[in-house]
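What follows are several structures.
Two complexes, one shared chain (chain A), two partners (chain B, chain C).
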Partner chain A sequence: MTLPAPPAAGGSAVTARIAGNEAGKQGRLLMSRRGLVAFGVVAGGANFVLFRLLIGGGHISTEMVALTLPGLVLGWAFAATMAVQGAGDIAEEVLGGTLEQSQLSPARPSVLLAGRLAGLTGQGLAGAVVLGLVFGVGFGVHYTIGPGVLVPLLLTIADALGYALLMTALVLRVASIGAIVHVFNMAIMFFGGMVVPVYAFPHGVEMFARVLPTTLGVEALSTTLAGRGLGGAWTDGTLPWLIVHVVALGSLAWVTYLNTLRRARREGGMSPR
Partner chain B sequence: MPVDQRADGAAGGRPAIELAGLTKRYRRGKDWLTAVNDVTLSVPPGQVIALLGPNGAGKTTTIKMTCGLILPTEGTIRISGYDVARQRSHAVRQLGAVLEGSRNVYWPLTAWQNLMYFGRVKGMRGHEIRPRAEQLLADLGLWKRRSETVGSYSRGMQQKVAIAAALITDPPVILLDEPTIGLDVEAARTVKDWITHLAADEGKTIVLTTHQLGIAQELAGRIAVIRDGTVIADLRTPELLSRYAEDRFEVTVAGPLNGFAGTLPAGARAEADAGSTRITLRDADQGRLHAFLGELRAKDVPLVSVSQARPDLEEVFLRLIRDDSAKEHAA
Partner chain C sequence: MNALRLSLASFGNETRKGLLVAWSEKLQILLELPFFAVFLLMLGPLLGEGRLVAAGQVHWSLNSARTSDLVLWFVPFTFFYMQVVKLFWRLLGEIQSGTLEQVYLSPLPSWLIVAGGRVAAALAEAMLVAAALYGIISAFVPLHYHWSPAALLPAVLLVLTVIGFSLIIAGMTIRWKRIQMFNETAMIAVMIFSVSAIPLLHVPGWMADAGRYFPATNAIASLYGVMLGHRGVTAPWGPGGLIWILITAAAYLAAGIIAFRIFERAAKVRGSLAAY
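Our next item is the complex of A and B:
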């Protein structure tokens, strides 16, 4: 039997196709559980309303909505959702054996990972945009929106991706990852600017909050949305520390993911143990 | 013209699968557990080889190392000449796998979406996948339900989708780890028929692991038995079956044995049938057979036939495992 020589495995078109395929799969899996996703978005919105009513003594202040909406949108709706989805998807794939099957690809694991992250971003953004529009338009929130807003926004998205990726990576090593994700997500919800602005916390709590994923991004974004521009976010220290946070968390997550995958290949850990 | 980058540099006639000194050791606390120990196998194109062994023998680890899903501690693996460690991207294009104990495909997606996904994950384009997906779904009787989620299928249909996904790129090498586990008789028959079709009509090289030894005997031209990570037998199926055939005879006599039954040789078993009795002499050499036939003649028992019994694969397998275990204890 004569076997045909396969096409070049590392070609950029093939790589892009495989990454796109992975992102598309994430989208299709999202559609298959759209009811659950919609419920998560509604629950996030209901929590936000509840917090606003509790803190506002039965009234919802538009000013407080404006101050805490970035925390809801980027911290809870985006980062926390992606962490749950990312970790849940990998856990499901390990149990179902589809993670192993997808690794039978000629593409490098990092290509599949990039596609997976793109799909996750789409999932996270869908809920975040819905909640942002509902509360932003619904309460008549006014923000100063200029090109400078994009910088902290994109950095916060990158920070959230780093967090989601780290949680996803740990699925391959930590059996009780669900509990860990839950603890981090609760911390993001309470300390990430969704309940009250971070500056309202006592100093020690404020410092702790800023270590959490997306908190610095929410602060920097709030500064620019309040009209103080990128310069304001830079001088108050949130923007430079956000950059450091994004690089550190992103690198840690990327290295952890690839290492855990390598370790899983060494120890046979990509299938149920 | 694409350059052939195969690691073996062979012009042709290369084995479809070559495992050389394949070893896998896992760290368990301070100790090392050897799951696979120095396995060397060469499988020519078009051969169906069954990898048999008790639970924990190392079959699945061997299969997963062959796929590149588990890294070996030592040894090399080549698929169609491509080194799995150094040319993984080429090697994985040469194979499709259905892995044991797994769904293998996405249950929330439809059969069609799964085939498109698994084709693209191997780098194929949509227009290359579609005709193949249509053909596979039609041949496996899934075409009408292609737009339903796999989770809504019966277990047999789900396994068919897993097989179709493994075949979507038309790979020359197929690894099937327990492909009929949990299937009912009809579904298992369909899978068996497909394996036969793939080997006989499409010339695929197939590595099959199963605990259903009848399936292995029926499908595989060659059988390797693995125990504690070591290959203890690797023979063509007829040779393996004849390995224990020389010391077992079946003697059929007309009518019941009556008073003769009490004088049967040690280890012999008699089964009465309508109008005849079949006596199986185990561990009997030619001398014992002749002595027994002499006794039958002396007592005027009418002889119908004498044949050398061929043990089935299950019996051979159990004896191989038992003998190997006894050798180990003696050592």
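Our next item is the complex of A and C:
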């Protein structure tokens, strides 16, 4: 018996609905595990407190909180959380068999992916905002906030999305992806500006740190938050290199995702092996 | 006699299973190990140097005393991680695959099987990681410790305390299943409150007082006393005092067994030992 081919996506309304369904699914998943997510936020905050105590000699200074808060919010709370959730969700869908079902959708993979990433972004942002407010307000941190802040902020979010997509894509290909995500997340935590500002590292380590997802974004954002504006971030090279990083990581993640998806379809890697 | 033989066989089988699971996780440990070493090497010059960090004037030289302090603080947490965090993942795997119910076919108490089977594996993994960390780090900076058999006393009591704590987490796992983030948070909280044991750091008084009630602080303080301060382990009170460590170990072990029994009973009533 030949199965009928799924109908082609009928215009932008259907496409938007399918993408919305994917985003809604992520939202419902978030609500169903809100306790887990809340503890994730608490764990991120506790990690931050631990490092501040170790480096502050047993005390936490407002200056160090101000210098490292962008690293906590964008690197750990946003990028690392999205990578864990993205990879975990795909792994769960593979085990549950629902990833195969999603291939019956008339929408292109990019539409499904856009919906999935939109849901993940909402989830990541929720925790990041909470942590930013708790430590920012709690320690009386003062930043210079203007419209220019949005540029590095949005670029860093895009960079984090590229990283989360890459880790999500690798779930379909690499068996020990959990360990890999863990190691990458630890690297982001330590070298991405949450433990100490990136400028405090020796030059060679600073260069290595800038290759990692979100580090350049955290640096550019810190420059603008310190009142030196977008011009300062452009002049010190962090903003142009951030743009390059976003494009390179996004492209790598997208190509990897399409390739692993194609390969999984061909080799039956979308269901439990 | 027959019951004793059966019990020993059962315990041995669980231990063997724990070691097999540990071996299957070797890739993850191999991936994480170099990172832990780099992390400790780089954290050494930063310890207590918040002002220099903010000014961008950190002296990136490896200091033997500071790195020795850090490694001694960190190593107990490798065991804590292996016993508590990995026990959680293993139990979750057993619940998903349906093998957890088989524990109740054993003649031994369930809490002993659950925790005991993991202890040998956790100790083996922690010793391997600690030895590798020691080897890697001492290749860059010499680590100076006073190796004394007396250190075994706080070490053994720390193992008992962590077993007790792991039983609380195990009970919560079979009751509520997905508690991984609670688990991580609990471990970080234990690490935060153990910071008061590090001689270089001066935490606020309330934090030092509260730290005594957390699982690892007293034993780590005692290890510092014997391995860095050349002191004995039998002083009854004060930071790392023997009475405090004994009370902590006994309290956490008792609390762990009681909590496990309560959560286990709740899971049995709900019929959720095998459902995911």
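Simple rule for what comes next: the second predicted complex is superposed on the first by the 264 of 273 C-alpha atoms of A that agree within 3 Å, B and C clash if a C-alpha of one lies under 4 Å from a C-alpha of the other, contacts with A are read in each partner's own complex, and residues count from 1 in each chain.
The working rule: a residue touches a chain if its C-beta (ideal position, glycine included) is under 8 Å from a C-beta of that chain, and two chains touch if they have at least 3 such contacts.
Computed from a predicted structure; not experimentally measured.
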item	value
Room on chain A for both chain B and chain C (clash or fit)	fit
Contacts of A:Ala43 with chain B and chain C, given as first, second, both or neither	second
First (chain B), second (chain C), both or neither touched by A:Val196	second
First, second, both or neither for A:Thr98, with chain B first and chain C second	first
Which of chain B and chain C A:Ile55 touches, first, second, both or neither	second
Touching partner for A:Arg33 - first (chain B), second (chain C), both, neither	both
Angle at the Cα centre of chain A, taken between the Cα centres of chain B and chain C once the superposition is applied, in steps of 10 degrees	90
Partner chain(s) touched by A:Glu63 [first = chain B, second = chain C, both, neither]	second
First (chain B), second (chain C), both or neither touched by A:Ala179	second
Distance of closest approach, chain C and chain B, by C-alpha atoms in Å	7
Intersection of chain A interface sets (partners chain B, chain C)	33
Contacting residues of chain A [partner chain C, same complex]	33, 36-40, 42-43, 46-47, 49-50, 52-59, 61, 63-64, 67, 176, 178-180, 182-183, 186-187, 190, 195-197, 199-200, 202, 205
Partner chain B, residues of chain A touching it in the complex	1-3, 5-7, 9-10, 14, 17-18, 21-22, 24-25, 28-29, 32-33, 96-98, 100-107, 112, 265-268, 270-272
Chain B residues touching chain A - in the complex, by the definition given at the top	2-5, 12, 26, 45-46, 61, 64, 67-71, 80, 88-90, 92-97, 99, 101-109, 113, 117-118, 120-123, 125, 149, 165, 172, 203
In the complex, chain C residues that touch chain A	27-28, 31-32, 35, 39, 42-43, 46-50, 53-54, 56, 58, 60, 178-182, 184-185, 188-189, 191-192, 195-196, 200-204, 207
